[in-house]
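Below are structures written as C-alpha cells.
Shared between the two complexes below is chain A, which pairs with chain B and chain C, respectively.
Up next is the complex of A and B:
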C-alpha cells in the first residue's frame, strides 16, 4: 500500500493539484473573458440578429395581425369574402391613423409590384368608405387592382410572421402564388451571375496570387538576409499602405487616359483611338485585387519556405534527381502548409471584397458584396440583403473551418 | 545566387528567366505606389504625366495640390485627418488592452475551450466587412450610438482586436516559462513578475499588434460607411477619399495618397525595428 502524499499543510497532494489547476483555468478564462464578452455582445449576437432579418416579418405581421388570421381560412381559389376585406379595412384604418401605412406599402411592394401606389391611394380614400356597404366592391372602386386576386394573395403571404422567400430571390428563383417555385424571367436574373462572378474572381485571384507569389517567396527565402530584407520592402510597403491609396493608384494606371494606356500609345503598341478598356470591367477588378492581396500570399509562403533546409534539394540532386524532379518531389510538397494558409486567406478576403470592385470594377466588375451594400443602402430591401449576407457568411465560415482544420488558428501569423 | 560553372545551358536559361519573372512581380507590387508620388506634384489638373514632367522641367511641377489639401475649403481634409487620428488612437488603446489581456489568458496551458474561443475572437477579421459593417450598424443604431464618436470607436475596437490577439499570442508562444518561474522562486509576487519580466519581453509583440490595430482603424472604410451615416463632422481620410474617388480622380487625392504612403513607410520602419529588437531579445541573431 502506497503512502498518501500530503503537502506541508496536510492536504492530499492530488487534491491540492486539482485545486491549483482549477484556479489556473479560472484565471486564464477570466483574462480572456472581457474581450470574449465584448466580441460576443457587440459583434456575434448582432450578426445573428441581423441575419434573422432575412426571415423575420414580425413587424408586418403585427401591423395586420387580424387580417392575417382571418386569411388563414381563405383558400385563395376565389376572391376573399367580406370577413377578410372588412378586417383589412379596419386594420388599414388604424395604420393610417398611426401613420405606419407607408411601411406596409413598402413591404407589400416586395411581394408584388404596384402595391406602393395601391396602398397609398387606398389610404387616402379610406375616409370615403361606407362601413355598411360591401367592402370588396368599394376597394375595387378605389383601385381596380383590388379586383385582381393576386394582390389579395400577396397580402396573405406578405403578413406571414416569417418566410424563406428571400433565399429563393438570392438565387434568382421565386415562389408563385400557387406555391410553385420557378426561375425569375431571364432579363431580371442578376444574383446568380454575381455569385458565379464572385466565386470566379475569388478563385482566379487566389490562383494568380499563388502563381506570382511562389517564385518571389522562394527568392526571398534563399537570398542572404541583407538582400531579402530590402526586397521584402516591396511586399511590406503595399501591405501597410491604405487600401484606398492602392485602389486609386490602379485607377490612375488603368484609366482610358491613364498611365498604362498613355505608355502603350506613346510606344506605338496601341493606336490612340483604340485604347484598351482596362477599367470598369472584370479585367480591372482582377488586376487590382491580385496586386492588393498578393502580400497575404507571399507572407505565409515565405515563412514556410524559410524553414526548408537547402540541403534537402542538394541531397536530392546529388542522388541523381534533375532539379525539376527534385523540386516536384521534395520542395513543392514541403510548401503545402504555406500554400494552403495563403490561399485560404486570400480566398476569404477576396470573396467579400467591396471597395476595389466598386471603384475599379464599374457595373461589369461588381461582386456580391456590392449587391449586398446596394440592398442595404439604396433599395433598402434589408431582408434580401441579409439573406445574401447569410449565404456569403456560410461560404466564408466553411472556408474558415477548413483553415482551422488544415492550418490551425493558432498558427496564424501576420507580418 | 551565382550559378556554378558546370550548370547546363537549359538550367542557365531557366535560372535567368526565373530572376526576370521575380523582378516583374516585384515591379507589379511596388510600381503602382510610385506612380502616385510624381503625379501629386503635377502643375496641371489632369492626372497624367505631362510632356513637361517627362522632360523634368521645374515649371511642370508644383505644390499647389498640397496647398489645396491643407487650405482648400471644398475638401474637409483637416477634419478628416483629425477624426482619423482620434478614432485610431482611442480604438488602438481599447483593442490593445482588451487583446493583450485576452492573449495572456489564451496562451495559458490551462485555458479551457481554447480553439473555440480563439475562433470567436478572430472572427471579425475573417467575416466579410460588409456583413460586419451592417451588423454593427444595426446594433449601434439600437443603442442610439450610430453616427456618434463612441459608436465608431467601438466598431474599430471590434475590428482591431483580432490583430492584437494574433500578434501577442504569437509572441507568447515563443515565451520561455522558466523565466517567470525563476522570478517567483526568487520571491517575486505574480504582479511584480508580470510587470518586471513578462511585459518587457512581450512589448514588441504588443506594439506590433497595436500598430495593426491603429492601421486597421486608420484605413477602415467599409464599416465606417455604414456607421458614420454620412455625417460630415465624423468623416475620415478613407471616407473622404472614397467620396472623392467616386466623383472624380483629382490631383488633391494624389497628394493625400502620397502623404499616406509616407505614413506607411514610417510604419514599415517601426515594424522592422521591432522585429529586429524582438529577435535580439530572444537571442536569435539579427543581421
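Up next is the complex of A and C:
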C-alpha cells in the first residue's frame, strides 16, 4: 500500500523524496568542493609527490640509461668489460656537453663518498680520451679510484630507477655491495638514537602537560564564569603569541645570566658560580615544549570536565567514599576522553617539533625532525629526508589508528 | 569628487612609486654587521649611482633555498654571498652563471686585469671573490675564571682544565675539525694532509674531550651574530667566530672581548650570480660594481674583512684611517685585517676542494658525533 502514496503532481513519494535528498547532497558536496579541491591539490598531492622522492631515482636513471642497462649483464665479481666502460664514456660525454654531470656526481656521492671529485676530474679529462683504445685503462689513468671495483658497483646501483635503501639509512642500516644488510659503523650511528630521543621527549612532554593541565582544567571548570574566563585568557594568551617569540622568551628566561638564574642567585638559593644549566640541554627542551603545548592539553580536558555534573561527586561522598576514592572511581574515569584527546594532540605535535628544541636544547635538543630539516636544507639529500618523513608520518598514523581503536575518534572534543 | 575616484587616485598614488623603481636586484648575504658593511660599502653607493634598487636578504648559508627556488621555477634571488665550497657544488649542479672572468669583471685601479688583481684563483668558474675573512676565537676579558692569565693559543681553547668554562663552536664541521687538529699539535699548514689520514676521527676525539670535560662543555652557534652575544651574556667563556663580527662587537659595541689569532683559518668568501634570476642583467652590472677595486674597499670601511682585490688594499692604504663608525670614530683598519702580518703567524688556509669532495662523509661523521655527545 505504501508504494501507492503519491505527491500532488502525481509522482511517487519515494521517488520524489530520493530526488530531493540527492539534490540536497549535491548542494552539500558543491559547497564543500572548493575546500576538498584545495586540500587535494595543495596538500595531499604535494605530500605524496614529496614522499615519492624517497624511492624515486628516475632522473639519475634517465641520465645514464644505457650504462644502467648494459650493467645489468655484469655480475660485479670482476672489473666491468669494455661494453660497460665505453657506454659510460659516451653517456658521460653527453652529460658534460649538457652540463648535468654535476648532478650525477652529487647523486653518486650519496652511494659512495669520493664520487664528486672522481666524476669532476674525469669530466675535465674526457676530451683527451682516445675512443679507439681501452676505456677502462684510460679511466684508471685519469683517476686510480676507477680501478676500485666498488665505484663501478656503486655506479650500477646508483642508477636504479628506484630503490628502498634510504629506508635502511633511516634506521642506521646499510646494504653492502654484496647485498647483505648490516648496521653502519658505531661512530656513524645517529638516527636510531634520535628516533628514541624523539619518542622519549614526546612522551615526556605529554606527561608533563597532563600533570600541569589536569588541575588547571579542573579549576577552570568549577570556578564561577567571571574568574574562569580570566583564567582561560591566561591559558590562551600565550597560545596566540608567535612560537618563535615564546621560544626566544624562554631563552631569555633560562640562560645562565637569565632572569630565572638571576632571581635565584639574588635570593640566595644558588651560588653565583654554580648557576643552574637550564638551557642547551634536555631540561630546557622539556620546559619550553611543555609550556608551548600546554593549551592543547587544557582545552580538551576543560571541555570534558565542564560536562561532568558536580552532583556525581557529591553522590559518591554521600555514599561513604573518601574524596580520593570518589575522585579515582568517579571523576577520573569520566575525564578519560579529555585525557586521551589532549594526549594525542600533544604527542603528535611534540613528535614533529624542531624549532624549539633546536633553539633551547642545544646538541641534546636535536630530534628526528631536525634531521629531516638538516637533510632538506644542508646535505640536500632529499630522498633521505623524505624517507624519514614518511616513517614519521606512518608513526603518527599508527598512533592515530590506536587512538581510534581504543577511544574512538568521535570522542575527541577540543573545546 | 566621488568616493570611487578618490579611492582610485589614492590607489594610483600608492602604486606609482613602486612602478618608478622597477629595476631592482636582490642580494642574499649573511646578515648582521656583515650585510650592513656590504650595504653601506657598495650596495647604497651603487643604488645612488645607477638608480637600481638593491635589496638585501639574510640567510644562514647553504644551497637548499636556491635549489628549492630553481626546482620550483620561482627564482627570487639574483646574487648570493657563499662559501667557496658552495660555489663549487652549485656550479657543478648548474645553479649559477659561469663567468668569462676578465671580460665580465673590470680591471683594478692599478691597471691589473681582473684575474691578476684577485689574491687567489677562483675555486670555480661561477665565483667572483669578495672578502678574505678569518675563523678565530675570542674570549670575554671580564671573566673571573681566567685569574690574570689569558689564553693566547689554539691549545688554550681546548684546555678547559686551565681555562674552565663553556665553549661556543660552529654548528657544522667546518672550522672545528681544523681547530681541533691544530690544538692537537698538527702543523697548521698541513691540516688537510692529516685529514686524509684518519684526521676526522682524531679531530672529533679532541672535540669530545673538550665537550665532555666537566670543566668545559660546548654550545653551538649557527648565525654569525651569536658568538659575541654568547660571550657578552656569559653563556660561553670562549667562542669561535668570524673576525669581523668579533671586531664589530669590540669596536662598535665596546664589548669586553679579545681575539686570539693563533691557529686562525683564513677563508675566502664569494659572490655568485643565480642562473635565470629575476633581474640577471641588472644583477651582473651590480656585481661588477660590487667587486670593483672601490666597491670591495668600500665594505672594509665598515667591517674588518680584507677585500679580495690587491688594488683595493691600495685604495685603503692611501686613505687610512679607513674604517669609520659613529661609536668608534676613525680606526686604522689594516692591523685588524685577517691578513695582517701579526695575525698570520700561525694560520690554516681553508681548503674548499676537500670539503666539496668529502662533503657527505664529513657531515655524516660530524652529525653523528654531535647527536651522540
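Details
One rule holds for everything that comes next: the second predicted complex is superposed on the first by the 396 of 415 C-alpha atoms of A that agree within 3 Å, B and C clash if a C-alpha of one lies under 4 Å from a C-alpha of the other, contacts with A are read in each partner's own complex, and residues count from 1 in each chain.
What we mean here is this: a residue touches a chain if its C-beta (ideal position, glycine included) is under 8 Å from a C-beta of that chain, and two chains touch if they have at least 3 such contacts.
These numbers come from a predicted model, not from an experiment.
Applying the stated contact rule after C-alpha superposition, one finds that A:327 touches neither chain B nor chain C.
Residue contacts after overlaying the shared chain place A:255 against chain B and chain C alike.
When the shared chain is aligned, chain B comes close enough to touch A:216, but chain C does not. The partner of chain A that touches more of its residues, comparing chain B with chain C, is B. In the superposition on chain A, contact of A:242 is made with chain B only, not with chain C.
In the superposed pair of complexes, A:193 makes contact with chain C only, with no contact to chain B. In the superposed model, A:385 makes contact with chain B only, not with chain C. Once the two complexes are laid over each other on the shared chain, residue contacts for A:101 go to chain C alone; chain B is not touched.
Using the contact criterion defined above for the overlaid structures, shared-chain residue A:376 touches chain B and also reaches chain C.
Taken together, the two complexes place residues 255, 257, 376-377 of chain A in contact with chain B and also with chain C.
Chain C contributes residues 62-65, 67, 89, 91-94, 172, 201, 218-220, 233-235, 353, 356-361, 363-365, 367-373 to its touches with chain A in the complex. Only residues 99-103, 105-106, 109-110, 113-114, 116-117, 120, 187-190, 193-194, 255-257, 280, 362-364, 366, 371, 374, 376-380 of chain A touch chain C when the two sit together in their complex.
Only residues 1, 11, 18-19, 21-22, 25-26, 28-30, 32-33, 35-36, 39, 46-49, 98-99, 101-102, 104-106, 108, 110-112, 115, 117-124, 126-132, 134-136, 138-139, 154, 157-158, 161, 163, 165-167, 169-170, 173, 208, 212, 215, 218-219, 221-222, 225-226, 237-238, 241-242, 245-246, 249, 253-254, 257, 260-261, 264-265, 267-268, 271-272, 287 of chain B touch chain A when the two sit together in their complex.
Residues 21, 24-25, 27-36, 38-40, 42-47, 49-50, 212-213, 215-216, 219, 222-223, 225-226, 229, 231, 233-238, 240-253, 255, 257-259, 262, 291, 294-295, 323, 348, 351-352, 354-355, 358-359, 369, 372-373, 376-377, 385-386, 389, 392-393, 396, 400, 404, 409-410, 412-415 of chain A touch chain B in their complex.
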